[in-house]
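In the two complexes below, chain A is the common chain; its partner is chain B in one and chain C in the other.
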Partner chain A sequence: MTGTRLIVGPFNRVEGDLEVHLDVADGAVRSARVNAPLYRGFERMLLGRPPSDALTLTPRICGICSISQSAAAARALAAAGGHVPAPQGERVAALIHAIENVSDHLTHFTLFFMPDFARSCYAGRSWHARAVDRFAAMEGAAARQAIEARAALMHILGLMAGKWPHTLAIQPGGVTRAPGPRDKVRIAASLAAFRRYLEDVVFGGPLEAFAALSTREALMDWETGDAGLFLRIAADLDLDALGRGEGRYLSFGAYPLAGGHAFAPGLWRCGARYPLDLSGLVEDVSHAWMLGGPAHPGEGQTLPDEDMREAAYSWCKAPRLNGESYETGALARQVIDGHPLARDLAGGGVLARVAGRLLELARTQGLMEDLSRGIEPAARFMDPAPEVREGAGAGLVEAARGALGHWLRVEKGRIAGYQIVAPTTWNFSPRDAAGQPGPLEAALVGAPVAQGDETPVTVQHIVRSFDPCMVCTVH
Partner chain B sequence: MAEIETFYEVMRRQGITRRSFMKYCSLTASALGLGPAFVPKIAHAMETKPRTPVIWVNGLECTCCSESFIRGAHPLAKDVVLSMISLDYSHTLMAAAGHAAEAALEETIQKYKGNYILAVEGNPPLNEDGMFCIVGGKPFVEQLRHAAKDAKAIISWGACASYGCVQAAAPNPTRATPVHKVITDKPIIKVPGCPPIAEVMTGVITYMLTFDRLPELDRQGRPAMFYSQRIHDKCYRRPHFDAGQFVEQWDDEYARKGYCLYKMGCKGPTTYNACSTVRWNEGVSFPIQSGHGCIGCSEDGFWDQGGFYDRLTTIKQFGVEATADQMGFAAAGVVGAGIAAHVAASALKRAQKKTQDKEEV
Partner chain C sequence: MNVLWLQASGCGGCTMSLLCAEDPNILDLLADAGIALLWHPALSAETGAELRALLDRIAAGEVALDVLCVEGAIARGPRGTGRFQMLSGTGRSMLDWVRTLAPLADHVVAVGSCAAFGGVTSAGGNPSDAAGLHYEGAHRGGILPPEFRGRAGLPVVNVAGCPTHPDWVSETLMLLAAGALGPDDLDALARPRFYAEHLVHHGCPKNEFYEYKASATHLCEMGCMMEHLGCVGTQAVGDCNIRPWNGQGSCTRAGYPCISCTAPEFEEPRHAFTETPKVAGIPVGLPSDMPKAWFMALASLSKAATPVRLSRNAVADRVEVLPSPRKPRG
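Up next, the complex of A and B:
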């Protein structure tokens, strides 16, 4: 078979727009180029504004992970002003952030990822009827249950954050809402209901039992709930081998609290963990329609190349750490945090990424319950931070999809520099000057493509296994 | 044109019971502020009218409108609305992908020519011939014009489609442009907010589908039933405003007492929306209730009014420059001054009241 060129896109059921260009030869992808075709220019609009405006503007980069953006902006402002948030405020911020992240994991699994297994190309498989029944797009039973459970869980966001998406409650000094004893009870009740849903529907068993799985083999023996259905499908289609990563992971550390992060920060490469050091971080623009040279986000700029030069193919910059690309997301977080199951899955493909997300879903429920139990209504939830006049700082958080950083520079009370590197910027980055592909581009190589198939389902699985958020990628 | 099934038939096919259907009709009537007499009318309309197809397209945006929409009010209303509109084409939720998706859009346009509602989330960027937002290899603005040509009416979801929203913030790097400045020959209903409240979205769409006409619009093209009152008018903290009791700093004693957030930059007094009545996340709360002022996200230009934490009266642009927008600024200035006067008057009244109380003692 001779080589063919495929353009897969627009991609539906991802947040935002995405196009993937594939060179196919001998029934498999030989090389891939990922294009983020949407640019809005947030980093440029922030220049010259009062620093606190970032708290309102940056969440609007993304309607899916607005709390992550808001948490990163608040952290960056606090860092620039040398301010420490009130510990209880930090706790509530962690709780509402965790709620957004688990909601995202649930939405991804139920509405975006699983519906592909209900496609007619899988009609002969033993699990197909069940997949259709549970997950057919917009009709499957799972979607309704998930939307309902998620909406009920988000009552906590209503309560503590006023509204979601685009919450305003998180500030550099803590949160604007001090929960009373009654709120604490309501939060606990909402969390209990969500646990019931997860245990009845998603996992079909105790969350602690799922979180206690420590090997790939033990994972594959999990039979109950929608997780069990996924694992059956994964075994049948060998999703572990599909879209394997390069085994380099990055996490900024999730839920910073007075006693450290709930999920540890760090790097994972060559099978070992290293401390997080971002001094070697640059954003490469050799294949992005951006002007300027490679720069650390602390000094970087965003200058779109309006000529859209031929050598480039995406609006997305390519973040590299010490010259290497890194994959980020739930799997990365769990590997770096040291969970034995995640470590066993490290370097894996579609199965590893989706199982990493399920594992985190199970573990985060317990974390949210702990956070809510530790709320002390009499404490202070905000230690107000004065507006920053001069300074620079980074806000590093973990969104559902991975490491999110805001780098802020303030001069004379105005924003003089603002650079954002989002999780999908890492995962879906284009090539760098050395020609090294981004993580998705690398993962797509070797994916089988049937002759004449214009929207290869394998490519869909791999792309979605990263849970892309394109509106964040280029902002 | 092919026979289109009725709403009721669609709902039945989706497994919704007669009882749920009737419940839904009463919910809708009350949500839209219509009396119980309208319940049978709504039911009759839905049993006999062919379903109105909806095409939902996405431009420059953040998907917050879709996120808000799928979390709609009553679980029942959400189920029914989702099944009712069936979203013949929805980028975020549909099953088809790639070329199949493009084909589905084209087929829907052809099949329901002149009869479908086009729901737009986000807006087209016009700089560089629209290259900052590409859908299916073409600028979004082309998809928008194409889909709008045969639409019966257009819904502009959210601040992006209605006004431009944050991506239009100065210097508006991509020249993000609201829908009504690109499509000028179709009825457009604006449902602003960032995002709009889920119940407002389902309410508007239900009204249009049920009664087959646009709801009553205000001068800005917003449905009057949800946008005719200021947040301030129905704010539960309003008594504190009138009493001159304000939060001075985040989480201070007054914040714990639930005093008014005006001094923290609340834009409730100049913002028309239903947040203080309908509230958010299934009626649980709204920003002011969580201790943060309103930022006025359903108002045109909310993103470029000086700092979000500036008090309304100190908005810097007032009267600074004479530009083409002078009239608009001047009007806004009057509102600001009005508020200052309003605060002063309220405090004054309180003082008088105190004096009177003393005299009575």
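Up next, the complex of A and C:
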């Protein structure tokens, strides 16, 4: 088979717009280029506005990571003003944020990722009938159960954040509503119902048992629930080998609390963990339709190339840390946090990313219960922050799909610089000036492509395994 | 009734909100009303070549299009080309696709304030030159001309909101499926009256504070947020406090102001979102349908009559002074 070129798109069941260009030879992807074909210019919209406007506008970058954007903006504002939020407000903000993240994990697994295994190309596999029954798009039983469980869990957001998405509840000083004793028991009730759903349907067993798995072998023996179905499929299709990463992971640390992060920040490369140091962070624009040179987001700007020059192919910049690309997401967080199962899966492909997400789903339920138990209804939940006049700061958080950073600069009471590096900016970045591909571009190399297949299902599995959010990417 | 749903230049949050529909869940709700999704970006199996084939068949008139839902504004830049948003895999801009498909649909529904008016995507100098389908801000004529009508005769139905409440979208679709949404059921900006004939103020739990102008001074306090914190719930359309969000929520219930996200140009309030602009200490954005002098007179009277319970609770983060109903006689 000689080389062919494929353009895969529109790409659905990812958040936002994505186009993937593939060079295929000898039945496999030889090279890939990932294009984010949307530009909106949020970073430019913010310039000249009052700093607090970032809390209203940045959540609207993304309807699925809305609270993550909100939390990053609140953190950046607090950092720029040297302000510390009320500890109990920080706790409730972490709980609100965790609810968005687990909801996103559930949405991804059930609605975005699994329906591909119900495709007719897998008819004949021993698990196919079960996959259709559970996950066929819009028909499967799992989708209905998941969206009902998600909607019920989000009652906690109705209660504490007013609505989802696009809340203004998270502020630099804490949260806007103080929960009373009645709210606390109601939150606990909603969390208990969500645990029941996870244990009955997703895992088919106690969450603590899944979270206690420590090796790939033990994981592959998990047979119950929809997780068990996925693992059976993964074993049959060898999803561990499909779309393997380069084993470099980045996490900004999830849920910052007074006593430290619930999931630790850091870097993982060459099989070892290193502290997070972003001084070597640069956004490269050599293959993005952006003008200007490479810059740290603290000094960066966003100047769209309206001519969309030939040498570039995406609106996404290419973040690099000390010259290297990094993968970010649930797997990265769990590897860096030191979970033994995640460490055993490090460097893996579709299986590792999806299992990392399931592992985090199980672990975060316990975290949310701890956060809820620790709410002290008599405490203050807000220490109001004065509007920032001069200053600069970064807000580093973890969205469901990975590390999210806001870099803010305020001069004379107005936003003078605002740069955002989203998780999928890392994962789906284009090539840099040295020609180094982004993590997805690298992971796609070698993916098998059947002759005549215009939208290869293997490529779909790999792309969706990253849980991309393109609207965040191309803010 | 079939529905094709496209995500244009927006955040996808209206779809995410729609998934929060309850009693029953959104999939059953639509199916029970006889509404079939031809394709939806978050829910459908079809991707890539499969979808391109469907779009081509609709464009060729081989598949009748009952409803075209568009979520997100339409980017017209750079320089009128629409290339700031290409529909991936097709080599054509979203601008081009929507202009092609809209005239083929019986009804066109703009889901969210971006699709309706441009919304947040058009904020801050509008870097991508985005517009709504049928409006650019408050002005009729977006990427479709002012005289545009769906084949069944309605203008683009503007289910405005940022995001939309799940029921606003599902009930609009159910009314269309039932043939029960006519021109008189839309307000002057073509928003469905069933939610746009209410104000966010209706049912706001801070109403008693409003009556006495007992105001919150910070975003964690219980008082009315109109005087100091930018709340425009008295002028914003929406049934947010009559039919709450995500169970029991609304913006004002959670302690932050209504920013009138159902209105054109809400993204450019010309002041900080969470601050009320004032002239000589008097808020500039008073209710638009009562004489200003009357409002001021009533406000000063009610301020003078404010019970201590309200003036204290207004600046507290929880009730400090309880109501004291009259004791029963005898």
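Throughout what follows, the second predicted complex is superposed on the first by the 475 of 475 C-alpha atoms of A that agree within 3 Å, B and C clash if a C-alpha of one lies under 4 Å from a C-alpha of the other, contacts with A are read in each partner's own complex, and residues count from 1 in each chain.
Note that a contact is a pair of C-beta atoms (placed from the backbone, for glycine too) under 8 Å apart; a residue touches a chain by one contact, two chains touch by 3 or more.
Everything quoted here is computed from the prediction, not taken from an experiment.
Just from the overlay, do chain B and chain C fit on chain A, or is there a clash?
clash
By the touch definition at the top of the document, which applies to A:168: first (chain B), second (chain C), both, or neither?
The answer is both, since A:168 touches chain B and chain C.
Please indicate which partner A:18 is in contact with in the superposed arrangement: first for chain B, second for chain C, both, or neither.
Only chain C is touched by A:18; chain B is not.
So which positions on chain A get touched by both chain B and chain C?
Chain A residues touching both partners: 7-13, 15-17, 19, 37-41, 44-45, 49-50, 52-53, 55-57, 60-64, 66, 111, 115, 118-119, 136-138, 144, 147-148, 150-151, 154-155, 157-166, 168-169, 171, 173-178, 304, 306, 308, 380-382, 384, 454-455, 460, 471.
Which positions of chain B touch chain A when the two form their complex?
Result: residues 14, 58, 60-68, 70-71, 75, 78-79, 82, 86-87, 90-102, 125, 127-128, 131-137, 165-167, 169-174, 176, 194-195, 249-251, 255-256, 275, 279-282, 284-292, 295, 297, 303, 306-309 of chain B touch chain A.
Under the definition above, what is the set of chain C residues touching chain A in their complex?
Against chain A, chain C makes touches at 7, 9-17, 19-22, 25-28, 37, 39-52, 75, 77-79, 83-90, 120-121, 123-125, 127-128, 130, 162-163, 218-220, 240, 244-257, 259, 261, 267, 271-275, 317-318.
Which residues of chain A touch chain C in their complex?
For chain A paired with chain C, touching residues are 7-13, 15-19, 35, 37-41, 44-50, 52-53, 55-57, 60-64, 66, 107, 111-112, 115-116, 118-119, 136-138, 143-144, 147-148, 150-152, 154-155, 157-169, 171, 173-178, 180, 304, 306-308, 380-382, 384, 387, 454-455, 460, 471.
Chain B touches which residues of chain A in the complex?
Spelled out, the residues of chain A in touch with chain B are 7-13, 15-17, 19, 37-42, 44-45, 49-50, 52-53, 55-57, 60-64, 66, 86, 89, 111, 115, 118-119, 136-139, 144, 147-148, 150-151, 154-155, 157-166, 168-169, 171, 173-178, 304, 306, 308, 315, 380-382, 384, 454-455, 460, 471.
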